[in-house]
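Data block below; observations after.
The first chain written gets the first letter, and so on, giving A, B, C and D; residue counts start at 1 in each chain.
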Amino acid sequence: METSAASRAQPSPRETLDSVVIRFAGDSGDGMQLTGSQFTTATADAGNDLATFPDFPAEIRAPAGTTYGVSGFQIHLAAHDIRTPGDAPDVLVAMNPAALKVNTKVLKPGGLLVVNTGAFGKNNLAKAGYDVNPLEDGSLDRFRVLALDITKLTLQSVKGIGLGSKEANRCKNMWTLGLMYWLFGRERQSTIEWLHRKFAKRPLLAQANIAALNAGHIYGENAELPHGIGAYRVPAAKLEPGEYRNVSGNQATAWGLVTGARLANLEIMYGSYPITPASNLLHDLSRLKHYGVTTFQAEDEIAAVAAAIGASFGGSLGVTGTSGPGVALKSEAIGLAISTELPLIVVDVQRGGPSTGLPTKTEQSDLFQAVLGRNGDAPLVVLAAATPGDCFYMAVEAVRVAVKYMTPVMLLTDGYLANGAEPWKIPDLESFTPFPVSFRNDPEGFHPFIRDKETLARPWATPGTPGLEHRIGGLEKQEGVGHISYDPDNHHMMTKIRAAKIDRVAKDFPTASVDQGDARGDMLVVGWGSTYGAISQSVRTLREQGRKVSHLHLRNIWPLPEGLGELLRSFGSVLVPELNNGQLVKLLRSEYLVDAESLTKIAGQPFRISELVEAVQERLNRSLQ
Amino acid sequence: MSPNPPKKQYARKDFSSDQEVRWCPGCGDYAILAAVQRTLPSLGATPENTVFISGIGCSSRFPYYMNTYGFHTIHGRAPAVATGLKLANPDLDVWVITGDGDGLSIGGNHLLHVLRRNVNLQIMLFNNQIYGLTKGQYSPTSQVGKVSPSSPLGSVDQPVVPTRFALGAGATFVARSYDISKRLPEALSAARTHDGAAFIEILQNCPVFNDGVFDLITGRKTGPAHQLWLAHGQPMRFGTDGEKGLRMSPDSLTLEIVTVGENGITEDDIVVHDETNHSLAWMLTDLPGVVALGVLYREPGPVYDESVGKQRALAEERFGAPDLEALLRQGHTWTVT
Amino acid sequence: MSPNPPKKQYARKDFSSDQEVRWCPGCGDYAILAAVQRTLPSLGATPENTVFISGIGCSSRFPYYMNTYGFHTIHGRAPAVATGLKLANPDLDVWVITGDGDGLSIGGNHLLHVLRRNVNLQIMLFNNQIYGLTKGQYSPTSQVGKVSPSSPLGSVDQPVVPTRFALGAGATFVARSYDISKRLPEALSAARTHDGAAFIEILQNCPVFNDGVFDLITGRKTGPAHQLWLAHGQPMRFGTDGEKGLRMSPDSLTLEIVTVGENGITEDDIVVHDETNHSLAWMLTDLPGVVALGVLYREPGPVYDESVGKQRALAEERFGAPDLEALLRQGHTWTVT
Amino acid sequence: METSAASRAQPSPRETLDSVVIRFAGDSGDGMQLTGSQFTTATADAGNDLATFPDFPAEIRAPAGTTYGVSGFQIHLAAHDIRTPGDAPDVLVAMNPAALKVNTKVLKPGGLLVVNTGAFGKNNLAKAGYDVNPLEDGSLDRFRVLALDITKLTLQSVKGIGLGSKEANRCKNMWTLGLMYWLFGRERQSTIEWLHRKFAKRPLLAQANIAALNAGHIYGENAELPHGIGAYRVPAAKLEPGEYRNVSGNQATAWGLVTGARLANLEIMYGSYPITPASNLLHDLSRLKHYGVTTFQAEDEIAAVAAAIGASFGGSLGVTGTSGPGVALKSEAIGLAISTELPLIVVDVQRGGPSTGLPTKTEQSDLFQAVLGRNGDAPLVVLAAATPGDCFYMAVEAVRVAVKYMTPVMLLTDGYLANGAEPWKIPDLESFTPFPVSFRNDPEGFHPFIRDKETLARPWATPGTPGLEHRIGGLEKQEGVGHISYDPDNHHMMTKIRAAKIDRVAKDFPTASVDQGDARGDMLVVGWGSTYGAISQSVRTLREQGRKVSHLHLRNIWPLPEGLGELLRSFGSVLVPELNNGQLVKLLRSEYLVDAESLTKIAGQPFRISELVEAVQERLNRSLQ
């Protein structure tokens, strides 16, 4: 924990911390995700800046007590603004041996370890692969251990309410939450209200969970905590004033699509086939039917995108969401949308590949597929969101570009953004300028491929409009009239026009500029997508160390923003950290002939700030020698 | 008001596009095209509200020749594209044009699901038992032994029976006709008036790569003895002088061909067609020695695009008018000052 | 000679891999796995000649738990992968494991074609009427109205009936059973002894996302009244005391539930099961109030992989031994000196 | 026509030509393809070097007499070695007005035009879009026109044999062929024999066609040809001695696959779904069952590749062939083969894109898709054939690499190679070193992902082998044992290993070297695939003009051959001509940071030599200023 100089003087009553990283870990059945999100809410109410990262097991319900059944939730809260869920936790709550086993390697030396001894029976120890009880063999000496029989304490706290032992046992997480609330001085109120809502139909459960919550809190107040373990306070951060909420990337994407469609004055037809980690998009949108959203759970990804294309032909905004393997299946149909020049949005919530890969882990390895993965010369627009909240803005932008240029747009997010939540300043919807679509309805001189001079977009003429009857398809079309054309020169021209139309979108994007630091220096760190937080935090650290390092984060992957080449050349070196084996870096090298270096991490996990800081330092030092 | 108000009465030419038809001379597709162009006006269709959506194949060139909206999509995906279009605009009159390869080979899955969902479309499957556009390979409906460029020693694949597949998929309307049949328009109008997915198999001759496979059935001379035209409520009679009929043997549950008047068989022995009888339709899909034509099965069920619409309406009345501001604030929020 | 010569007699453990089974506690898949591991030895199967090929889904994790060869492929494609494997080595005993989503949603087309081609495989479709692995969205077999994360107001899709689809596709063997049934092994061995594609629908409970959908059928108390176990040549009797049976009404061509002994109904009124009767099988796919279990249809036909082999043999005898030199010189050649 | 200095002196008896380009054009029904291939055979027998290019209509059987129904066949024959079917024809045979209409723009001024006036009736003129008969309005004055009523002459020649008028009429093409044989001094014998074989069952037809052939020839001998039109001779070319045949790219690919499988001691399972221009591969292979080939016409491309993967799992060589749209559909499954590290060959016979594009036209626009078009980091080997005959060698190479490294290999050809034929020196099969596969059968210490130190290939263990029972799949695998692994570091390592394995293949390729010219100079022209002939011919021309230009042609697209970077840097400039909108050029730029320039032609047609020569000259001159 970063202890602020100020507070170091006198430890009690509450030691002040600038920031702390806490991880709740337990069995899938222990309700760690709920515990985490409740702690998040209370922390938000306390005015801290925060970032969270849930970490589910790959199996739906892995057998209890196993290491691969461990479910974790990490929260980073601070008195200043932060960008990531943090690297190594300062505090670890381990509800069973498996949770301890999986997480001890990451807990900081000297970190606080809260364990439920009640779950450390032979059986669980064995399942976790412990021969001897780690609480007894001194292997945890490097931590400050708070070992409590939370199970027993919980059962006592709910005794008399008349729950079955199974249900009583389930209150463990609330007891623990109560204790953590006391340790970090959070308010219980919001959780108590939430419990009343959640168990409105089962008041006994509400009562019991609240009793456990309070019991845990009281335990903290009264119990003699071992030396070195006290209560803490993390002062409120100075955040931009405004109304805030927590938002996950998928939620933000769904809301951004709906907002974009509203600005375009269109309805949405979302065609999708469930796939981790994109399924929530389908779930969220299926609850927004009254916002002009139709969701279609298709038989497969091909049908999903095909239906979206059919809907766009019909005058709705066709959207399809999936993950890498689904995009692969859609690629032929995406080519049809490119050839027929219909608006279409493809959301790719990236996950670990190749093939089925690591479905529940995050990765950025679909960039090549997004930009180049189709038969023929088939250019489209590719955008990438940088944070969970940014998914909202990028989704709106995707809609704007798709309808203005009559083109498919691929929006890249990933599992980390999709599931990770961050406090998000609710945007002022008034501040968005609407971009209502005007469908063609005048038959006078109409041809389906006569283009707008400025955007090169063709007219959007939808079935049902008298006098505009026309046919489109995937065969090459004669520029203008749009009839099938086998003419060699026409094909050459059309290919160039399709490319030119996409290039032109760059003029519609903000020109390239650094997100942090100066426009020239020793090193430019170029990132895209979910690495934003880690890169910006580490560049900040590096600059505090006096390094001439800047951070540029690309939201427009294709076409690349104007002025990017000059910027890259204004730095001694360019480093491109990616959660893949080096993809954006190849585009930058080929476009600008700059010797950009790749930094890869393909571990299904975000970069740690320390990793990035060290990587940059090491390179800068090298270049100094 | 729109610059050219929809005409009261349309004629065939209003449905013919200016594009030169480019099928091989003698292709059965010409007859089907003519039938559709002739029939649509009589059904009160309008060019602006009619859409033809096809996949890839000779048959799938169809939309280019119709002066309606049209989408020549990609191979096998027309049913999915059409589903999306109907969800975007259920008022359109949407026809899917597909082939035995487009619809039953690469597109089999989409055909299955569009039929089970019962999307309100007409689906015309041109069955020439061959891949025409790619120059004559055998198709999923080709008979065993078919010699083709990809089966030099004859195909060993068991063919799929399109109408049987459709029933197995849960189709609510299944009909069969053939390219040059005078009665093709009947099937078209029956399909169009059906609420839900109407599947029509159209036997089509490909003179270039599979000439004459249906001659026995469609031939002027041989036809009458091989065509059983179904009429709801009517006994299943056929034959040059209507002398033949189908009798049910209840234990073997099969329909056998009998001759009325011969060894004691009377009109009463002949099965009466009931379009709504699922099991009867199943038996009619593949009869020995005769082909059932017309409407094999028709039993309206819930229509997908309607149900989706109803559910949206329900959501609107249950959750009220859309309010983006509220949406972004649902759940827990807090204010930083 | 191979280092460990195939054992004479195998036991269940020989078919169990060392991998920890990772389905949710209480998942119906456990029972199916146990049944397969118990049954294979008795059928004379050997681990080295047995292959399990699956797509993606909870059910498709199956191969990892079998100590045989296994391939966990991609979503929906297992039947195609299995077809290629059988063509490469027809001697292998290949089982396809799929789910209602894997086999009937994304994989419907491959299932159609593997069935119509009649490739010599056993296909076990675990039907839990839900997408388990992706956390509970409704599937193509979910009942209308199913509330799920992707259908908050209830699904409006008409479900597909797997056995009906299989018959429509031209399957030569169609059976149905359920996860915890004592008689599941019967179905497995019947499938294995069938030459050609043997399709088994296995009703499977997903306690996490679709708990109890089959309780009425599989429940200890309710079961007997809802299970009709078919036996070739035997009258279709069921019920707690076998008092009920199915009677055919010939005109409506439907099977109705009757009680033997009540208002003059005798054993003779009860339909006798005939596995080879296609129309009867069709009626049995979806009965009101009772579920037909066991072998609905079994009628061997030409087996694809065998026919392919025969044709290769034919080519070899007709065209003689391969001669690359000759191949490169077939047609016109000339010599430059 | 290039008239050799020597022969210019005295025109008759036969004027000697170094090379001539002839195009036969007529209605789809006129049998121009047959005529062309017969002329090709006779020309090969005459010892000329030659190259041909057929040019079919997009429609199966377009209505007779229409311009889009015109079928053409071009042959380039010479007394020296040549590489392309030639640019503009010197001689055009037009069997009807439509054929004339379509081809007059390409015929060289002063070129010889043979027209069948018998087909120039009102009707046909109208169908071709002629208001006035071009034979009468002087619009053809720039050509040397030989206008004959071939229809009438043919009917006379077969009179009495007793054919129906339809069949008699069909002999037109043989009459014309006879005349052309006389004009260019070719022997009729091979064609006569061919006619006997072809019509063995219908002797009357054989007799008639032969009569027509002879009549055409005799006509040439006796008739008073208009001034300026005489007989020619094209002396034999000095070709490498050996046995030759004509081969098309698809044929050569099929034979190469069979030969490769033989060298690997494997059987082939070819899974495919018909698609232009790849269908012939399926057709050819389906006729080679007795060569250990099983063909599977799948329900779609996904099933085709999936079956091939299943076959490879079973110990056969799984191969699948298709064109661009099919590759798009296969991309998810190709990822599975990459993840499970099974041998697989994917042949992509490229055609015009995007989407359905121009199915019957050639293009090179699938390179991006081949190298980068999959979800996740999914590397494989990509090879490209340079000529029809080279397809044979590249197919063998594809098999070698796939089985040695246990990896999918993508082989790129295109419509031009697939259908174009060239004289091909039949390879000496003895000269190929066999590379028999040794399947793993020893259970001792077996694990499916223990790798060969040198190649990094995993063992190939097939079902049916006692003691090697194992499971594979698309989820990430633990290096070595191959069990499912969610371990972050393992995933990072496996991703790096998959990439390293492919990179390593480069060591197994010949290092980069120029195909023509010096290893340094003013400009290096880098090509790949079917542009080989055009580039090499034009570079030869340029070098004859004294330009310091060299030609390097890539057969190994991925990984790129070693030493390529240095070579590129040894030239003043690098030009990359491609039949796409610039794809290989981007790879070269990003890999080597050389400012390679792109020259694109996306017209569904090969480069003309003159185009390339001018493009290079223009650039070199520019750089001189």
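In the analysis below, contacts are C-beta pairs under 8 Å (C-beta built on N, C-alpha and C of every residue); 3 or more make two chains touch, one makes a residue touch a chain.
It should be emphasised that the depicted structure is a prediction, and the values quoted were computed from it without experimental measurement.
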*If you tally the C-beta contacts, which comes out ahead, A-B or A-C?*
A-B
*asked:* From the mean C-alpha coordinate of subunit C to that of subunit D, what's the distance rounded to whole Å?
replied: 45
*Provide the C-alpha centroid distance between subunit A and subunit C, rounded to the nearest whole angstrom.*
40
*Between subunit A and subunit D, what is the gap in Å from one C-alpha centre to the other?*
47
*asked:* Which positions in subunit C are in touch with at least two other chains?
replied: 56, 72, 74, 105-106, 108-109, 112-113, 140, 153, 157, 308, 311, 315
_Can you pull out the residues of subunit D that are in contact with at least two other chains?_
68, 289, 299-300, 325, 332, 335-336, 340, 355-356, 473-475
*asked:* Based on which chains touch which, is the overall arrangement a line, ring, star, complete graph, or other?
replied: complete
*Tell me, which parts of subunit A touch subunit D in their complex?*
58, 68, 323-325, 327-329, 331-332, 335-336, 338-340, 352-361, 363, 365-366, 368-369, 372-378, 473-476, 486, 488-489, 491-492, 495-496, 498-499, 580-581, 583, 586-587, 589-591, 593-595, 601-605
_Sites on subunit B touched by subunit A in the complex_ = 2-6, 17, 19, 46-49, 51, 53, 56, 63-64, 66-74, 77, 80-89, 91-92, 109-110, 112-113, 308, 311-312, 315-316, 318-322, 324-325, 327-329, 331-337
_Taking the touch rule as given, give the residues of subunit A at its contact with subunit B in the complex, in rising order._
41, 44-45, 47, 190, 239-246, 255, 258-259, 262, 267, 269, 271, 288-292, 294, 296, 298-300, 302-304, 306-316, 318, 332-333, 335-336, 340, 426-427, 429, 441-444, 462-475, 483-484
_subunit D contact footprint on subunit B (complex, rising order)_ = 20, 22-25, 56, 58, 74-76, 105-106, 108, 131-135, 137-138, 140, 149-153, 157, 208
*asked:* Per the contact definition, I'd like the list of subunit A residues that touch subunit C in the complex.
replied: 59-64, 66, 68, 273-276, 279, 282-283, 286-287, 289, 295, 297, 299-301, 325, 355-356
